[in-house]
Every structure is written in structure tokens, then in C-alpha cells.
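In what comes next, chain A is part of two complexes: it sits with chain B in the first one and with chain C in the second one.
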Partner chain A sequence: MSTDAKTCPVEAQLPCLAHLRAEYCAPSLAPGAPYLAALPALITGALLFLAASGLVLAVHYDPAHGFASLQYIAHNVNNGWLVRGFHATGTTLVFGAVFLLLFRSLYTRAYRAPGQLAWLISVKLFAFLLLTAYLGYVLTDGAVSYWSLTDAANAAQSLTGIPGLLGTWFFGGPAGPGTLARLLVFHAILALGAVALVFALRSAAKVLAPKATGADAVSFHPAYTAQYFAAFAVFALIFALLVFFAPHFGQNPLNASAANPLIIPAALTPPWYLRPVSAIASVFPGAYGGIFGVIAALAVLAATPWLDRSGPHGRPGTLYRILTVLLALDVLGLGLAYSCPSALSSILVTVTTVWYFLHFLVLTPLVTSLEAE
Partner chain B sequence: MAEASGHAVEEGTESRRSFLKILTVSAGAVGLGAVVWPLISALTPDADSLAAAHLIVNVSGIAENTAISVTWGGLPIYIRKLTAQEIADAQAVIPSTLPDPADFTDRVKPGYESFVVVVGLNTGAPCELEGNAPSDTRGPFGGWLCPCDGSVYDPLGRVRGGPARKNLAIPRFVFLNDAQIQFG
Partner chain C sequence: MRRILTPLLAAGLLLAPAAHAENTLTPLHFQSQGPLGSLDIAAAQRGFLVYQSVCSGCHSLNALHYRDLEALGFTPDQAAGIASGIKLPDGTAATLDDTFKAPNLPAATFGGALPPDLSDITAERPHGLHYLFAYLTGFATAPADVTLLPGHYYNTAYPGNQPAMPPALKGNDVTYADGTVATTPQEAADVTTFLSWAADPNLTARHQIGLRAVIFLVFLTILAIATKRKIWREKA
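== the complex of A and B ==
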């Protein structure tokens, strides 16, 4: 592959092409980056794919008859069942990649200087995706998501002061016929925000990527495009398996029936990617408890670079790594315990929530300062 | 790697690499096409709306000198069977004397000259026209009459008097056979 910076007339008139060539074809990168370094690029691709399938769904979706219009999409629109499967499974893959990205950053301590900004953007992306995914879940207008929306909108009504005003503005009062129409717009706008954030994340990650000069250096194309392509192929294979063999993966089966304003389902369990954060929200009591739980869970996650007391040069310790794996199991346990409500599961949810906050607020500062010595 | 190998091996590596490259890019292109195709086809009309847009109407049961009204695309469509006398009368009219000149052949399909298919809306004040049944008031030319502004049409749907200045619109349709016409 030629990498000489011979300028052609088009590049002189269109500088962005020259920038692209300098970015992707100049040998400046160190070889041998792990395959998981492709995660932000995979998330970008998956989000753009969600945008494309979401646009097609939006053409046929009718917020006044949300559930019925999704039935219409599945049964009448050409390949509509597949497009809906694309959107649902694409969401699963985006969250799988984001959870993996967050875990990898925690495990390798990539959040430490100079990576704090990339870490903060990752957490912000996660927060945006959670809200976007919640709105998308509500738009399905099924028996469970209907009640989830009703509860959320009613809770927003009961808040006072600025949170109450914001909540009332967001939901437009108690859930009614027009609520889904506004949430459809918010869903699309937040999704655009998530796309912008993932581009910011890739820009920040590019600065952090190991550099090289001289004979060792490779250019992004073709050294890493080939690697990204291989990572993408695995990603696409998982996607294909899920979309064709498990299109309802991680969804509450009760939500496949139409909403009934007179019947509250036994459990308001959201899709799998919302379960850990819903579980944490369910632990805190009171009108502000749920929103406090969500914000606190994301805030301690975002604060990790400052909770890590090992300093910029401390070596990653074994104990910290074990704790990070335990945290991953804890988040998995949060989601699983929240999936099937019972007396035991509510105890498990409380325990795992306590462990989650314990990990960030106590164990992380303690273990990192111990291991730094 | 290539420097250590001989020239022949290098050549082989290059051709193998370009073959793999072609293979990979082709597989990627096919995969991308397979993913994009459902998104594109989901924006094409579904079977229900295609059937509604290409309505098929049986015209064999229409009596001479009578019109039926069907709804297509939200519009009232009048399908009228002419009598031999009406055809002869219509052919005798000199088009240049009409408000909106149109020949007999402009208003009917060749081979099916006894059928007139028009949009049954007055081209002046937008009203549904009267005159489908022989017993209706049809105006002086035996065609249709507008109950709102009094515009008069002949059996071919050409305007012959009144505020309206335009002939009745002719929808898109074809004769599938002697008995059936298809719109759209």
C-alpha cells in the first residue's frame, strides 16, 4: 500500500481528503494492538446501523398506536420483522460492546491519566445509551413497558422544584396518548447524541493509541483495517446468530402482549441491558430514590480515575484485577437477580448493589493505594 | 519478512494476498448488501397498499347507458358503458367547438371504445357529479351534471357548459381483458 503523501489536485481543493490520508495511511502507529481496541469502532458501526434501521422503523411507527403499528411492521411491511429484529439485536450488541469497553477500561486501568477524558466520555456514552434504550423500550408499548412509562411519568409528577419541572417537561405530564410521540423524538435526538459521543470517544482513543516511528511503525490502513475487519466479522457473526436464532434475546416475554391499562404485570422487568441499573434504582426508597440510584451508580463509575489512588505510574495489581472481575460478576448478578422477582432476589439485589458501591467507594481506593506501595 | 524470502516466494505472497483481499472485500460487499436490502425493501409499498393502488374492477356487468362508481385512491371513479347512439353522437362533435377540445379517441381506450372511465368530480366547484343512472338528471348532453355549480358534461366526460372549464380527469388504468380493468 502506497503511503507517500503525493498530493493530487482533488486533495488540494478538498483538504479533508488529505487529512484522511494523513490520518489513516501515514505510518505512525505501533503494531500489535489488541483486537478489543476495535470496540469504539464497532460501537460506531453498530450505532449507525441502529440509526439506519431506526429510520426505517420510524417511517412506519405510529406513536398513537405504538403496539399495533409494531405488529403492522412485523406482519405487513416488507421484511419488517427483520428490520425490527435488526434494531432490537443491534441494541443488544451495542450494549454488549459498551459493557465490554467499560470492563476492559477498568481491568486494564485505561481510565488513568492521560485517559480520564476518554473514560468520562465512555461513561457519558453509556448514560446516553441507557436513556435512549429505555425510551426505545417504552416505544414498544407492550404490557410491561406501558406500565414502566406510567410509573416513571407519575414519579416525575410527584417531584417538586426543578426536578419536577424537568420531569413534567420531559414526559409532558402523566403518560397519555401524546407521550409516545414526544418520546420518539427524544429517542432519536438522544441516539444522535450517542453517535456524536462515540465519535468523540474514538478521537480521544486515537490520541491514547501507542505510537511508533521509523521501521516499526505501521499505518492504520492496511495494518489495522484488516484487524478491525476481523473483529467486525466476529461481531457480525454474533449479530447474525442472535438476530436469526434469538431475536427476543434478553427481553421480557410479557412485553410481547399489548398494553392493558387495567392489568399491572407481576414484574416490570426491562430488557437485559437495563436490568443492572434498574436493579440499583429499585433498592433506593422514596420519590427520588430511583433517580438517585441511577445517578449515583453512574457517578461512582465516572469517578473511578480519582478513586484509584495508585497514581499514574502504579502497576496494575492482582487483587485489583480480581476485584474488577468480581465487579463484573456483581453487575451480572444484579441483572440476573432482578430478572425473576422473589423474596430471595430482592435480598440478592440489595447485596449486589451494596457490593457495587463498596467496590468503587471503599475497595478501589483501599486496594489501589495498598498495591501502589 | 518479504526481504528474507526469494523473489519467487515474494511474488506468490503478493498474488495470494491480493486474492485474499478480493475474497474478503467481496464477502464484505455481499454481507453489506444482504443487510442493506431488508432496510430498502421495507420502504417499498406492502402487499396491502399495492393491491389497493392497483385495484381491479369487473366491468362486464355494467348495463349500457349506465355508470358505476368505484373508489380508487380516495376518488370517486365513474365507469360508464356507452350506447351505440352515444358513440355516434360523440364522434360527430367537432372538438374545436368545445371549451376543452378533446377527440373521441382521447377519451376512450382503443378496442374498448364503449367504456368511459373518468374521475367523477366536477372540475369547477369540487362536487361529485350526478348522472350515473339513466334516471338521474344528466343535463342537456346526456352525460353528467354538477349539483353544485350546474356544470354540464357529455357522456365522454367532456365539459360542455357551466363554470367548469376542464374535461373530467381520466385515471391511470388498463384493460386486462374484455371484463376487467386495472387501475394504477
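== the complex of A and C ==
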């Protein structure tokens, strides 16, 4: 680990090796970071895994016959069923990790200076992933996602002005035979964007990692590589349990049947990771209601560093932490209530949506300024 | 190790005939259920016979090719024999590389709505196997206070209780080669097993790979955590 760079001829000729060594082998980090600090690295790995499995699927996918080609992949491509399971379960794990990352940043107030930029990148990554996952979901071309796409494309058509132009450009008009081919390209491009964002996030997180000098300091390798590897092993274990024993986790079973242009399902319930946002979007009425709900939900999340009135040095308070846990339960409740549509659940969705915005716009400024005193 | 395993294996073989006569209908049980479940190939073969003799008259099964039958324990020759007995719309006999023959009847035959494709029928509902069995065995005479729609039938399991499908399984619709008595519940359970295989043909392999992967990853996790603790102890 401690060979002198000046005496190493390879490093003199290949300076990037010296950079790597300075980055990963110089003792500069404080010990004792939690396992969850590995989340951005795990998200990076999972996104690259999704890109690899997505490439295999894209090779065999035929957007003109989306549902039939996925059946073909599952039945007639060697191990196609496994690759499809990898892609679906990988998405579940990426979202699990991103939800946990956002919760942890809120709970520990990591979003405050100097962490605002890392927080903004996290929220932007979340937004990118939501859009990418939605497109992946409509590419399955099932009985539910077909109608979800039809609704979204028609809603985009009804917009006027710049939003209408953007919507028409994105969907290419009302949903038709060519729409999926278009969305397949956007799915792949947005996924690349998400990979770029997660690398930016890791760069920002590296700056924020606690530093140390002297005897206390540890180098990234081997201290944190060992810790990251342990986190990865747990992550991979959860992945294996889901992909082999619950491959349809969090998906709407109705979507396993082929799209029927004559039958609209009673409820257009998306996969679990899209449910909280879909639930919020469903509360706002009117042509612009859905898109307004999504943007507002993400905007208040992104604005947290400025809604927190405790200043850069205020200590995290107990009440704020309780509120953050309540918010997590609220988002869970949003998803669950949206899963089984009924009169009661639409009331629950409204209540949880109100609480979501109340948390960010009223409770966060109020509680943080009270606790700062 | 072998000294321990051999008597166990012998005991297992002695007990095996008893296990074979196990009644899977009361209470209803499918071998594929549970985290380590596997496909009951004998039941799936019987179910294929029921599908072929009864269901395929109205329902398509587009995701399957005749070659897929080899996964049900048929030899390539047997599968080719089954395929050659099927006459395609153009008059030729089917081959291993043809998809299961669709009925190709107009929707008007069925009162305007085509019967659903059965490729994923057990995946389309939570507890799809139990639902399908309950549906196939759930036809009954309508209670006095129920007025049936024209061309509809009464079924206790179907949402709304009035499917447009008539009761298809009446018992002894097929003759099983293995001597199993073809009662209505037996046929329903067998065709359910067959259709669950159509929707999830790799269930057995999935569970086998999964068990190995999980055992490996449990040990990897233990090892990774132990390594991490050792490295951090040496640092401190």
C-alpha cells in the first residue's frame, strides 16, 4: 500500500494510476462511517447491472409487438426469463436504495450546507429514475401499462403552449403503433442520464465524507472497500431472494395479460416504486393536475435545504426526526392506499398527500426554526 | 457422510410409494407452491391432455410451441407425434416449431368477446392457481334470487359470478394413461398445473438456482462482515 510513487516507473508513465492511488490508498478518511454510506456506490452498481440486462432485453425486444416479444424472450431466448427477472428486480433494488438514500439524507439532515448540491443531485436522480422506470413499465405493453400510456399520451395532447409542444414531441402524438419504438429510445437515453447523475452524486458525496489526518485516518482501501463489500453482499442477497423467489414483487398481476384496446382495467396501478408519485398525481384535478402533482412533489423535496430554517450549525432535533419517520410512513401509506382502489383509499390518498406537502411546506420550517432556538 | 446418507436414502425410497398416493385435492395443494416448490410433471402431462381435449377448442395458448412439450417429460419423438396429429388452418400437419394451434374462431361465436389467451392466465391474479381451480370447479346452479344474463352461467369463484364460459369440465372428459380417475376436481387441478407451467415454465430451475445462490450469498455475507471487522480491528 505504501510504495513510493516517485520510485514506481509505471505511475510516472501512467499518471491516472497515481491519481487512483491518491484517491483510494492514501490515509485521509475518518473511520466509522456507517454501512449506508455505501448506498451511492450500490446504486451505481445496480444501474450498470440494469444497463447490461437492459441491453440483452433490447436486442430481442420488438416495439411493434411489445407484449409478444417479451413472451418470446421469456420462452424462447436462452435464459431470457432470468434476464427479464434481473431487469425487473434490479429496478426494485435501485428504487429501494434511492428511497433509503433520500430518507437517510432527510433524517440526518445531510442536505444542509455543504451538502445542498449532493441533495439536489439525489432528487434529480430520483426524478430521472421515475421517468425511466415509467417508460420501462409502459414498454412491457401489458393490459394495464397500455392504458396508462394511452392516458398519458392523450393528456399530453390536451396540453397547450410549450408543455403541449413538449408532450407531443415526447410521445409523438396519441399512443399508436410507433409510440413504443420512440419510448424505447428515451428509456435508454434517460437511463444513461441516470448513470451520469449517480457518478456526479458519488463525486459530491466524496467531498462530504468525513476527513481525518494523523493516526486516526484510514485509507479507502482496504478499510472501506471491505465495508462496501459487506454492504454489497447484503444487497446481492436481497436481490437473489427477490429475483428467484418473488420475481413479480410489487407488480400489478393484471399487467401479465396482453393489452386489449377494448378493455380498460378498473385501476391503472403501476409497479410499487411509481405508486407514491402516481398517488400524488391522482389527487390534483384538471388537464395539468397530474403533471403539476409530480413536479410539486419533487420540487418541495428538492427545496428541503431552504425549507430547513435551523441554519448550518443547528443540531438535529428529536421532533424533526419523528416527523421524518412519519413522512416515510406517509409515503408508504400513499403507495399502499393507491394499490387497492376504493372509496376509503381515495380518502387515504388525499390525506397522505396533504400530509406530504404539509410536512415540507409547514412543519419542516416550523419545527426546525423552533428547535434551532 | 455416505454411511449416514445411505440408510436415509433407503428409508426415503421405502416411503416414496406412500408419498406418491398422496391426495393433493383435499386440502388442495400444488407441488409448485412454496419457496422450494417444483413442477409436478405427471400432473402437468395430464393437464396438457385436458387442455388439448377440452380447452383448446376455444382458448389459444400463443406463448407455447410444440417443442416446449419436451420440458414436460415428452421425448422429442413423442412431442413430434403430438404435433403431427394437429392440423393447421392451411391443411398441413403441425411441427415442433409451430406455436400451439389457436382456435381461430370469430368473436361472434362467443357472443362478441374472444375467450382469453391462456399463456399467462395463472399469473394474472394473486393466488392464480387456487383461483383457477376454484373457477373451474365453481360452476353451480344459480341461486333463486339471481337472474342470469342471457348466454351466461353461474360460478361461485368468478368476480360478479356470471362468466360467459359454460362449465367445461364435467368429469371423465379424458382418459388418463396413468390410471388416475378423471374426476372434475382432478381434471381442474391438472389443467391448472399445466397452465401454471405455461405461465412460468422455469419455476423448478428458478427455485433450484435461487436456493444455491442464497446459500452462497449467506456465506459470502458472513465472510464479508468478518473480513471487514478483522480489517477494522487491525486498524484500531
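Points worth noting:
Here is the rule we use: the second predicted complex is superposed on the first by the 366 of 373 C-alpha atoms of A that agree within 3 Å, B and C clash if a C-alpha of one lies under 4 Å from a C-alpha of the other, contacts with A are read in each partner's own complex, and residues count from 1 in each chain.
In this text, a contact is a pair of C-beta atoms (placed from the backbone, for glycine too) under 8 Å apart; a residue touches a chain by one contact, two chains touch by 3 or more.
Keep in mind the model is a prediction, meaning the values are calculated, not measured.
In the model built by aligning both structures on chain A, chain B fits alongside chain C without clashing.
When the two structures are aligned on the shared chain, A:F229 is found in touch with chain B and with chain C.
Of the two partner chains placed by superposition, A:G164 touches none, neither chain B nor chain C. Once chain A of one complex is fitted onto chain A of the other, the partner contacts of A:N78 are limited to chain B, with no touch recorded for chain C. In the superposed pair of complexes, A:G317 makes contact with neither chain B nor chain C.
Centred on chain A, the angle reaching out to chain B and chain C in the chain A superposition, using CA centres, is 50 degrees in steps of 10.
In the superposed model, A:F86 lies in contact with chain B only, and not with chain C.
In the superposed pair of complexes, A:G172 makes contact with neither chain B nor chain C.
Looking at the superposed arrangement, the partner reaching more residues of chain A, out of chain B and chain C, is C.
Residue contacts after overlaying the shared chain place A:P31 against chain C, while chain B stays out of touching range. By the document's definition of touching, neither partner reaches A:G193: not chain B, not chain C. Using the contact criterion defined above for the overlaid structures, shared-chain residue A:S257 touches chain C, although it does not reach chain B.
Here the smallest spacing between CA atoms of chain B and those of chain C, following superposition, is 5 Å. Residues common to the contacts of chain A with chain B and with chain C across the two structures: 76, 82, 229, 236. Touching chain C in their complex are the following residues of chain A: 31, 68, 71, 74-76, 81-82, 85, 218, 222-223, 226-227, 229-230, 232-234, 236-237, 240-241, 243-245, 247-248, 253-254, 256-258.
On the side of chain B, the complex with chain A involves touching residues 24, 28, 31, 35-39, 41-44, 46-48.
On chain C, the positions that touch chain A within their shared complex are 35, 62-65, 68, 116-117, 119-121, 123-126, 128, 199, 201-202, 206-207, 209-211, 213-214, 217-218, 220-221, 223-225, 227-228, 231-232, 235-236.
Those residues of chain A that touch chain B in the complex are listed here as 49, 52-53, 56, 59-60, 76-80, 82-83, 86, 229, 236.
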